[in-house]
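Here come two complexes built around chain A, the first alongside chain B, the second alongside chain C.
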Partner chain A sequence: MEDLIMTALEEYISTKILKQPGRKIGTDEALISSGMIDSFSLVDLALFVEDKFNVRIDDAELNAQTFNNLNELAALIESRQKK
Partner chain B sequence: MTTLSERLYAIQTRSPEQVAIYLQDARRPDLAITYHQLIRGGYAFSRTYLRERIMPGEVIILILQHGDDLIYSFWGAVLIGAIPSIMPFLTEKLSPEKYRSDLAALISITKPAAIVTYPEFETEIQLALKPGDSVRKVIVTNNREPESEPDLTLLAGLVRAPEDIALLQHSSGTTGLQKGVALSHRAIFNQLNAASVALALTPEDVTVSWLPLYHDMGLIAGFLMPLLSGNTLVLNSPFDWVRAPHRLLQAVSQYKGTLTWLPNFAYNFCAQKIRERHLEGVDLSSWRAVINCSEPVHWESHHAFYERFKAYGLKLEALQASYAMAENVFGVTQSDLSRPPRVEEIDREVFMTHRIACPPLDGHKVLKVMSSGRPLLNTHIRILDEFNKDVPNGKVGEIVLQSDCMLTGYYNRPDATEKALFDGWFLTGDYGYVSNGEVFVSGRKKDMIIVGGRNVYPQDLESLSYEVPGVHAGRSVAFGLFNPEAGTEDVVLIAEVNSEDEVEQQQIADKIREHVTRNSAVALRYVKVVDPKWILKTSSGKTARAANKEKFLKELENQ
Partner chain C sequence: MTILQIALLVILAIIVGQIPRGRQLGMLAISTFAIFWLQPNEPFVTLLFWLPVGTLAITLLCWALTTPLESRKWGENWSAVAILVSVTLLMDLNRVFKFNQIYTSRTPNLELALAALFGLALITILIISWQNGRHFFQIVALAAILLIFVIIKTPGLIHIVSEYLVNLRGADPADKTTPLTWLGYSYIAFRLLHTIRDKQSGRLPPLTIAEYFNYAIFFPSFTAGPIDRVERFVKELNAPLPLANDDWLDAGTRLFVGMFKKFVVADLLAFISLSNVLVTQVKSTGWMWVFLYAYAFQIYFDFSGYTDIAIGMGRLMGIRLPENFNAPYLKPNLTQFWNSWHISLTQWFRAYYFNPLTRAIRSAKNPLPVWVIIFITQISTFVLIGLWHGVTAGFAIWGLWHGIGLFVQNRWSEFIRPRIPTWAQTQGSQKVLGALGVFLTFNYVALGWLFFNLANPAIAWLAMKKLFGIL
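Moving on, here comes the complex of A and B:
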C-alpha cells in the first residue's frame, strides 16, 4: 500500500513541482529542508494528497518536522486512512 | 511637518485604547495591541537601546521573526531617533553560512551600532561579526528593560528633524542587502499624504496584511501607513499565509477589513488553493480595495480572484492596482478606486516589434494590458528613450520619476545613488508607457527577476551555481519566465557541464537546485544541465540573458 502511495507522490512531485517527469526521488530524500519543495508548492502537495487519498492535512502540518521525505509523508497518509 | 515618533505619540495621546494591531499567529489567539501598548512595548526597547548607549542617527538591524518583538523593537528604535532596518530571519531552508556572509556584507556597508535578535540566535550573529566592526552590541530580546510609562525627556525621536533618516529598506539577496534605501521622515509623510488622497483613507479603514515587514509593500502599506494614520491593522505572517491562504479572507471577514495589498501571484494563489470548507460564513463585502502591487499586474489574475470570491461578497471594483518602489517610499501610481483598473486592448505584433501601444490593426492579435493607474499627486512621471529624450504617449521607454518622497540615497553608497539619478529624476529601471495619463508597466531594463513580489538578482543565483562542483564560473545563466497559472515568474537556471553522462548530469542538476535554494531562499523551477557551448554570450563575453531565455523557450516548445 505504501508503495502505491509513494509512486503517486513521486510522480506528482517530479511532474508538477520539479517539472522533470520521470525523475526518481529516493524514499528518504529530503523534500522540504533541501528546498526541493518550496513553500508555494507545499499547499499544492497538500491539496493533491487530500484529493487523491481522501485524508485531511492541517496547514500547521506543512513543514519539515511533520514530513520531510516520501517515507514520512506516505506513513502520515496511511495513518490517516486507517482512522 | 512631523516625524514618525511625534505622529505615533499624538495618536496614542488622542486614542490610547484604540487597537493599533491585531497580531495573528496560527499557533495562538489573536493579540490586540492598543496604541498605548505599542508605545509602552516600544519604550521597553528604547530604554534598552539607551542602556547600550545607542545614539540618534545610528542604525539598528532587527533580525526577528514576524511578531510583537519585531514590532516593539522597531518602534523602540524610532522613539529614540535611531534608524531601524529589518533583515529577513534565517529560515530552515537557508544555509547558515550564506546567511552569515550576507549579514557580514550588510554590516560592512550599513555600519549598524547594534543588532537585535533572540537569545538562541545570538551565537549565529556573533559568528558574522569581525573585530573592528561597527556593531557595539548584540541585544537579545529577553535582556530588554521592563515595560513602563515613557519618560518623554528620554525620547530623542520626538525632536528629530523632518529631513533626518527615519529608516532603511533593503531588498533581498547579496546584491539587495548592499543597497539600503534611506528614507527621511519628510519623504515618508509626503508619501502617506499623497497615498491617503488616492485611497480616500478614513479613520475607519482597517488594513489586513500578511506581507513581510522587510519588504517595502509590507513595511509601508501594511504597517506604517495604517499605524501613522491612526487606523487598525490586522497583521498575519507570510509563513502562515502561504500555508493557509484562507486566513487572509477570514481575517477580512472577521475584522471587516477594507484595504489589502497583494503581489500579483497572490490573486492566483488564493483563487486556486483555498478550500470551500475554509470559506464558510466568510463575508468580503467590507473590502473596498485589494491592491495589486510589487510585481507586473495581470488582469487575468484579477478575473480569477473575482470569479472565485464574488459569491462571498467581493466587489469587482475592489480589485485595484498600483506601481510602487522603495525608492519613492512606496506608491508611484494608484488606480482610481471608484472603478476597476482600465484594461487596454492593443496590437500585439506592433507592441512586440515596435514597442508602441496602439489599437489592434485588422487581423492582428490583441494583447490586453492592465493599467497601474495615475501618478500620485506628489509624483511626476516621464518616459524616456535610450537617449534620455521623452517619448510620445503609447511608446514604451524607461519610467523615471520625481517627487517630494524620494529616497535620501542608498545608505553609505553615494556611487549607487549617483548612478540611479539623472538630472534629479530617479531612473526606475522599469519599462512602461503612458496612455490617457495612466501608467502601463511592461517590463524591466535590468535583468532582475520578480518572484512572488520579491526582487531576485540573476547574477546572485548564477554565482551560487558556480560553487557546485562540475559547474564552471561564467557558464550558467538564470532568468525569470512568466507562468500564467501562478501569476508570477518561475526561475530558470541553465548550467553548462563537461559531463555527457546522464546520471551525472542529473546529480549536478540536483546539487544546483539544492545549493542555490539553500543559499538564496529562491526555489528554482527549471534546472537544465546542458553541454558546453549551449549558452549564448554577447560579443564582449557577457551572458545574454534574454537571448538564452528565447533559446530555452524554443527548446521547451519543441519538447
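Moving on, here comes the complex of A and C:
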C-alpha cells in the first residue's frame, strides 16, 4: 500500500512541482530541508494529498519535522487512513 | 542576559533537573522568578513590577480560554497557582527584605499587589464559568495580544504610552528618555497566539497550569526564543529525557559554545560592525564591506549563541528545545537560508499565516495565476516577519527585501528547472554553481541587514551607495 502511495506522490512531485516528468526521487531523499519543495509547493502537495488520499494535513504540520521524505509522508498518510 | 545571570540560571537548571519529583513546579518557580528578575531595570522603576505581572496575567487568561472545563484538574492546578502567587508576592515583598543585589525594582505595597492578584483571579473565574462566551473571548484575546504587540513594537506609539505612564506616576524626568521595554513579550505573545489558534482548530491538548506556564515562560527561552510548539514541549516536560554522561557533555558543550559565540565572537565583531556613525563617517568602499560582513556575522553569532545557551540549559532539565539555526550562511539559495535562519519564527509564520493564506487563495473558486499568489503570500509573509522585529520602515523594507528575493528566486527556478542544460548537471559544475549560490545568497542577505540594523532607510540607502562606490 505504501508503495502505491509513494509512486503517486513521486509522480505528482516530479511532474507538477519539479516540472521534470520521469525524474526519480529516492524514498529517503530530503524534500523540504533540501529546498526541493518550497513553501508554496508544499501547500499544493498538502492539497493534492487531501484530495487524492482523503487525509488531512494541517497547516501547522507542513514542515520537515512532520515529514521530510516520501517514506515519512507515505507513512503519515497510511496511519491517518487507518483511523 | 549577562554572563552572571546565565550562570545563576544554569545552576538553577542543574538543580531542578536533578529533583525526581515536583520538577515541573520547580521549573515554574524559577521561570516566574526569572521574568521579574530579568526585566530591564531602568528607567521605569515603578512599572517594572507590573510588566511581569502582566505577562503572568495574560498567560493565565489564555490558559483559562484554551482549557476545557472538564480537564481543569484543580488538584494539580492549585499547587501551580500557589507557586505563581507566592513567587509574585515574594518579589513584591522585596521592598521589605531588600535583597537589592538580586532585585532592585521599586515594588508596590502589598495591599496593591494582593488587590491586583485578586482582580485577576476574579476575571479568570469569570472566563472559566462563562462557557458560552469562549469563542468570542478567544477572538478578543487574539486581537488584544496583537494590539499590545503593535503598541510596544511601534516607536511612536510606545513613546506616547511611556510618556503617559511616566506622567501618571509622577516619576523622574529621567524616565522620559527611554521608552518602555517589555522583556520577552514578542516570544511569549507568539506562543500564546499559537495555543489559541490551535485551540480554535481543535488541535490543542488539554493542559494544566504548570504545563501551560512552563511552555509560555520557560526561562531558558523566554527572552529570545526559540518558539517551541506546545504539544512537543509538554511531551518532554512530562517525560524528561534522561541525562547520561554524554548528555551532560552535550549540554555543557552547547552552553560553552553559545557563551563563546555570544560574549567573545559577537562582542568582538561589534567593534567593527555596521553602525549609523560608521556609515556616515567612512569614505572607503572596502571598509564599508568589512563593516557589513562584520555585522552579518555579529548578528548570527549573537543570536545563534543565545539559542545554543537556551538549548543547553533546557537539556539540563531534560527538555530538547528546537534548533533555531542550521548553518544559514552556507546555503545556496534564499529559500534554504530561510529554512535555517530563526527557524522557529519562520515556521510559526508558515503555520499560522502563509499556509492558511496560500491554501485559501489556492482553493478559491476562481484561482489567481500562480505567480500572483506567490507574490502576494511571499511578500506579505516577509513584511510581517520584518514587522515582528519592530513596526518601523526599516524592518518593513528588510522584510520586503527578502520577500522580493524569494519571489525572484522562485520564478527563476520555475523558469530554469525544465531547461537545465546537461553541462550544468555534472558533479563538478554542480559544485561550482552551489558555491556561486552560497556567495550570492550570503551577499543578498548581508545587504538586507542594512535596512534591519541602521536607524532609518535613508542611512541604509547611503550605506548601499557607499558599498557600490556611487558616493
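Everything that follows uses one rule, which is that the second predicted complex is superposed on the first by the 83 of 83 C-alpha atoms of A that agree within 3 Å, B and C clash if a C-alpha of one lies under 4 Å from a C-alpha of the other, contacts with A are read in each partner's own complex, and residues count from 1 in each chain.
We take it that a contact is a pair of C-beta atoms (placed from the backbone, for glycine too) under 8 Å apart; a residue touches a chain by one contact, two chains touch by 3 or more.
In this text the structure is predicted, and so the values were computed from the model without any measurement.
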Contacts of A:8 with chain B and chain C, given as first, second, both or neither: neither
Touched partner set for A:59, first chain B, second chain C, both or neither: both
Which superposed partner A:47 touches (first chain B, second chain C, both, neither): both
Which of chain B and chain C A:38 touches, first, second, both or neither: both
Partner chain(s) touched by A:75 [first = chain B, second = chain C, both, neither]: neither
Touching partner for A:19 - first (chain B), second (chain C), both, neither: both
On chain A, the residue positions that both chain B and chain C contact, one per complex: 19, 32-35, 38-40, 42-44, 47, 59-60, 62, 64
Chain A partner contacts - residues on chain C that touch it in the complex: 198, 201, 203, 229, 331, 333, 335-336, 339, 347, 350-352, 354-356, 358-359, 362-363, 373-374, 377-378, 410, 414, 417-418
Touching residues on chain A, where the partner in the complex is chain C: 18-20, 32-35, 38-40, 42-44, 46-47, 58-60, 62-64
Parts of chain B lying in touch with chain A, wherever the complex brings them together: 26-27, 92-93, 239-240, 242-245, 265, 269, 273, 275, 452, 486, 506, 513-514, 517-518, 523, 525-526
Chain B-facing residues of chain A, complex: 19, 23, 32-36, 38-44, 47, 59-60, 62, 64
